[in-house]
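Handing you this structure, nothing more for now.
Letters A, B, C and D mark the chains as written, and numbering starts fresh at 1 in each.
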Amino acid sequence: MRQIFVRAIGGVALAALVLGGAAACKQDEGGTEGGSASKVCDLKIGFFGALSGGDAGLVTPGKQAADLAVKQYNAEHADCKVSIQAYDSQGKPELAGGLATSAVGDAKVVGIVGPAFSGESETANPIFQQAGLPVITQSATRPSLADNGWAIFHRGVGNDFSQGPAAAAYIKSINAAKVFVVDDQSAYGAGLADEVKKALGATVVASDKATDNQQDFSAIVTKVTSSGATALFYGGYTEEASPFLKQLRAGGYKGTFVGGDGIYDANMLSVTGNADVEGAVATCPCAPATTAKGTFVQDFKAEFNAEPGVYADVAYDLTKIYLEAIGEGKSSRADIQAFLKSYNKAGSATGVTYKWDDKGELDPAQVRVWSYIAKNGAWAPDKEIPKA
Amino acid sequence: MNELINGFPVLTVTGLTQGAIYALVALGYTLVYGVLRLINFAHSDVFMIGTFGAIWTWSAFGFDANSPRPSVGGALGLIALAIVVAAILCGIFAMLVEVTAYRPLRARNAPPLAFLITAIGASFVLSEGMAAFTNRRQFGVPAMLPTDPLFSIGSWQVTPLQLTTIAVAILMMVALDWFVQRTKFGRGIRAVAQDANTAALMGVNKNRVILLVFLIGGLMAGVAAVLSDMKAASTRFNVGFLIGLKAFAAAVLGGIGNLRGAALGGILLGLAENYGSAVFGTNFRDFIGFLVLILLLMFRPTGLLGESLGRARA
Amino acid sequence: MTDVRTRWRDFRHGVSARFDRLPKASKIGLIVVFIVFLYALPNKGFYEYLGLPLGEYIPLYTTRNDMATVLFQCGYYILLALGLNIVVGYAGLLDLGFFGFFAVGAYTVATLTSPRSKIFTEYNWLESPWPWLVALPIAIALSLLAGVILGWPVLRLRGDYLAIVTLGFAEMIRIVAQQNDWIFNGDRGISEIAHPPGKNADGSPIFAFDAKPYYWLVLTVIIGMVFLIRNLVRSRVGRAWVAIREDEDAAELMGVPTYKFKIWAFAMGAGIGGFSGALWAGQANFVNASTFRLEQSILVLAAVLLGGAGNIGGAILGGFLVIYVPEWLRSIGDVFGLPENVRIAGEPYDISATNLRYLFFGIILIVVMIFRPQGLWPNRRRAAEIKDREKEAMVGA
Amino acid sequence: MLLEVDNITLLYGRIQALHGITVHVNEGEIVALIGANGAGKTTTMRAVSGVRAIASGRIRFNGVDITRMRADLRVIQGICQSPEGRGVFPGMTVRENLEMGAYTRKDTGNIAKDMDHVLDLFPRLRERFKQAGGTLSGGEQQMLAVGRALMSRPKLLLLDEPSMGLAPMLIQQIFEIITEINQRDGTTILLVEQNAQQALSRAHRAYVLETGSIVKEGTGQELLHDPAVKDAYLGVA
């Protein structure tokens, strides 16, 4: 009895060894579909970003917009549908690598909208690059991302280099003699604030840093009011900007509040409340709704019962670029990559002309930074900030 | 340094205000620790639920972030109502945590570290449950009290919100102190904290006392949640984490298990953070809080006032 | 219910008794088989070979995330859990900031090996980036040192005070790393971290962005670490740790230099944590401050206690589960065809498994602890202690 | 019979501490349990008061089966224990400690009267009335523990080592008070004592325990003169 048992185990061990070897030698599935088929259906567009966790609020509107774009596309192409595959990185670089690998491994995924943040782009994009899977990010604005030689990288918005000086130019245009600069220490916020500081020079009287998830801003508020600043630039996102602004107003700060595109969303208005947000300024490398909006806002409202949030319009346009490519019969990653390289059209929701240079940046001439002022519970387009 | 000197009065008042909120939350940690020797990690999420309780109450009366400020009388009424609702809500959730996550373990006399894991589990359930329920959205708090200073003495100014916060916090702490020191239930809590077995021999129902302790901790967190709502002006499902961490540190600072220690620790932490932020920058705010805590523990290993619930008198 | 539980227990005891009775050669054989199985785990081909349905969903495979990456993540968490297990499980010291040592290891490798590190670009302290293999021992040594430096003042504190102080230290490390004008470059982080050396036959590097070689590497490290820890625990040091855990005062009276052994445990754990961080930094290729949130420390602690404190197998099981279960839950919606969104009163709610997975994970933690307070795979001796405690409960309490 | 302890066993971990103890106490009696250290006297007491769960056997009190009843509910039934090592709440004043004794009582009007009565029995406690329990001397704590147990007006008073650590004069005093409580108030008492001499001379009946079993029982006087008992527990008196 015991003999048999031992032998059985030995056999299993041997089998497993062979099998392990065989398995290790076997190449994984991957790569692209055979391109000969006339029309490839059920293709997927990956949406990559923080869909859960603390930063989801900045990314989910984009996901909704992408869903909307695909839904509209599928209504017209019922015979050959496309779907969105979500990759929820929670905004964490350490999770992004695995998801990127998994997206690469799914041959149906032919393009990625995202990764939404700069940090996760650092870990995910090298993997996409290796597999030749094109990405267009709607919101990762760290300038250095374009310097990595990633051919697949495309940025659907202007980077911090375009926005920072523009924000500074705006602050100069309102003749603020003393400016206080605050950032949230995020890659985005700190980068933007640094550019603003550089451009403003000596008019910056003081600066301070907030932290992720901060609720109590009393120390900064005290510093701001005692500095006598007449304008404040905040580099960061709505999540902290909104309570910060409210506490500033409650603390007696009367000057102008200026932020980047991180606060240019509907939540900034609704969470802060009309009374306190009135007069706040957001700069955004995106043209106002009136120039080329189409029906995006109405469609989004009808679908989700909410105002389109931050980057929803950008994500919508970027998704539509992929859909356009697929609609033209492009079905491999290489084809789509080539399609992007020669693309040159204006987006229907943002009005931005999407045309990328070889580093993947938008044509600087196309990056128009606008200022928006919160008026009566809405972001009213103010002006296009002239290039310095 | 200049910022500290110039802003000293304001920093002190705002630090006291924030400290009062920490103290109220810290009471929940310290009460539970005093009786069960357990760090109730889910307490921060109970607090978070309270911040929503207040917002829901106000929105039931048609107040959202865009509403105009109500009259002072109306505002005080609304605040009182929100405090009641949030306190009850937090009390219920705190008791639910005890009944579902801790009591079954106690019945099996589980080792202390097992409680830590169910505490973490309960914390996940509450915060992620709320995240799903609110679609992870951020909510603005309606404006309630006027923001102009109520009175000023030299450069010392106090706004109505600061006065309300500090007054309510002091009121709650005095009431709690009276309850624990003077009433029969309070004696039961202290008895269980000091010697649970002997307390049972005196006819004290341990489980009922523990439930009561969670209820009180929840009530305090609920009150703190309303005050914090008005101060911070917004809330989301993850607001509990940081404030919970600070409140826990405050409880340890004062001597965990000691009610007056929690109050003292909260206020000291609030002040230290504000002064420190002015000198070193707000990015070092949390660093300073922990540094103060660690340095203190090096020299007074059981916190400022020592441990044990109800022993402050002895 | 009881019946099922008894039967399961009998089955388990039967299996383990059978295993114990086996001759040594077969035991080793079985362990080798298991290890081979672990090495084969991330290969899709392996599942095909087993004849598992290889359509969209494979029961073990994490369909929404790359299996090899998930396994690598499990791997470095297992390593962390092994390190923390020495601190919590053996020496009985509650450490809530263990991920801080992971950060030390990761940042050491990052700053020394990345050409983008400020050491080279701004400060010019060194000429050129170092290879990964040279940075690795430095990372481990520095984490060990960090353990000693932290342990030296802190270990005079007991129990819950120790918990908050360790937590505070980890947060302080994170806050320092968060400063983007300092060496660690804050949230902008450090990219282009070096990979371990080695080339395939065709000249391409073995360690690049594919997680599979990393998984195999971390698996090998874990196996080595298990042997190391086993021997350590069975030595004089291990017995001293157990004595400290059971009754520190008594141990002190018996002449055990408790303070010294506590620092030892702390430093050992820290070193392993740093090792894990160094491995991870290579694979991730990018390190920034927001990686080192407090939740991570708590998750590692959950891993140790869920698995069963004081047992190497338990730490491994726990480290595996805390990463694998939430990742696997992502795909459960696909398996059962659950909807991703519902609309309640006009408001759309995301009810996808991805979104709710930490909610489920929390429930799992509570339920497991209620039914197995000693952890899933406890140290036999501790399990017995806990069983005894259970009997000693007050009437009806 | 007021208390019937029927063949109970109890485990500490894997060690069996009681091997089938059977004890009964009639109304109005003083019953003593005597034995060496570790014989199971205190453990029996804990089983009766409900601090420890028993493995098998039954306990009935006043006609009610209390085998599975929680400790605090047994107090309401009328069992009150003054625990070994005194168990005074150190952070509470003498007054609060005494009030804790009356925790389960509903007749709040009579509590003040009873407290007066206890303070008459133990005049030292009156002097220390506002002092924290932890600051009292050993003898005072013992008095406080007994007085506190009396505050619940128990039908059955369990006294665990009331003389432990006391000076000889105080031992005499405390046993006089025990007799007084029994005779004047009619309180039934179950007593665990190391001081077998005193215990047996005061008790109506007594049991001798050895390693978790009862080896002898009888009236106090019988056992006091039993040669074996004399030899083992009374020393060379």
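A few remarks follow.
Throughout what follows, a contact is a pair of C-beta atoms (placed from the backbone, for glycine too) under 8 Å apart; a residue touches a chain by one contact, two chains touch by 3 or more.
Heads up on the chains, UniProt names are A = Branched chain amino acid ABC transporter substrate-binding protein; B, C = Branched-chain amino acid ABC transporter permease; D = ABC transporter ATP-binding protein.
This one's a predicted model, so the numbers in the text were calculated from it and none came from an experiment.
The minimal number of chain-to-chain contact steps leading from chain A to chain D is 2. Farthest from chain C, judged by the mean position of CA atoms in each chain, is D. Here A-B and A-C were compared by C-beta pairs in contact; the pair with more is A-C. A separation of 52 Å divides the Cα centre of chain C from that of chain D.
Per-chain CA centroids place chain A at a distance of 36 Å from chain B.
One inter-chain figure worth recording: chain B and chain C are separated by 32 Å, centre to centre, where each centre is the mean of the chain's CA atoms.
Shared contact sites, meaning residues of chain D that touch two or more other chains, fall at 50-51, 70-71. The multi-chain contact residues of chain C, meaning those touching 2 or more other chains, are 178-179, 347-348, 350, 355, 358, 392-394, 397.
Residue positions 197, 200, 206, 241, 283, 286 of chain B each touch two or more of the other chains. Against chain B, in their complex, chain C makes its touches with residues 88, 94, 153-154, 156-158, 160-161, 163-165, 167-169, 171-172, 175-176, 178-179, 294, 298, 301-302, 305-306, 309, 347-351, 355-356, 358-359, 361-366, 369-370, 373-374, 386, 389-390, 392-394, 397. Put simply, chain C touches chain A in their complex at residues 22-23, 26, 29-30, 32-33, 36-37, 39-40, 43-46, 48-49, 62, 64-66, 68-70, 72-73, 178-180, 186-189, 191, 208-211, 280, 283-291, 330, 346-348, 350, 352, 354-355, 358.
Across the complex, chain C is touched by residues 33, 37, 39, 41, 100-101, 104-111, 113-114, 116-118, 120-125, 128-129, 132, 135, 197, 200, 206-207, 241, 245, 248-249, 252, 256, 283-284, 286-287, 290-291, 293-294, 297-298, 301-303 of chain B.
Residues of chain B that touch chain D in their complex: 184, 187-188, 190-191, 194-195, 197-206, 308-311, 313-314.
Within the complex formed with chain B, the chain A residues making contact are 52, 54, 56-57, 60, 185, 208-211, 213-223, 225-226, 238-239, 242-243, 246-247, 249-252, 267, 270-276, 377.
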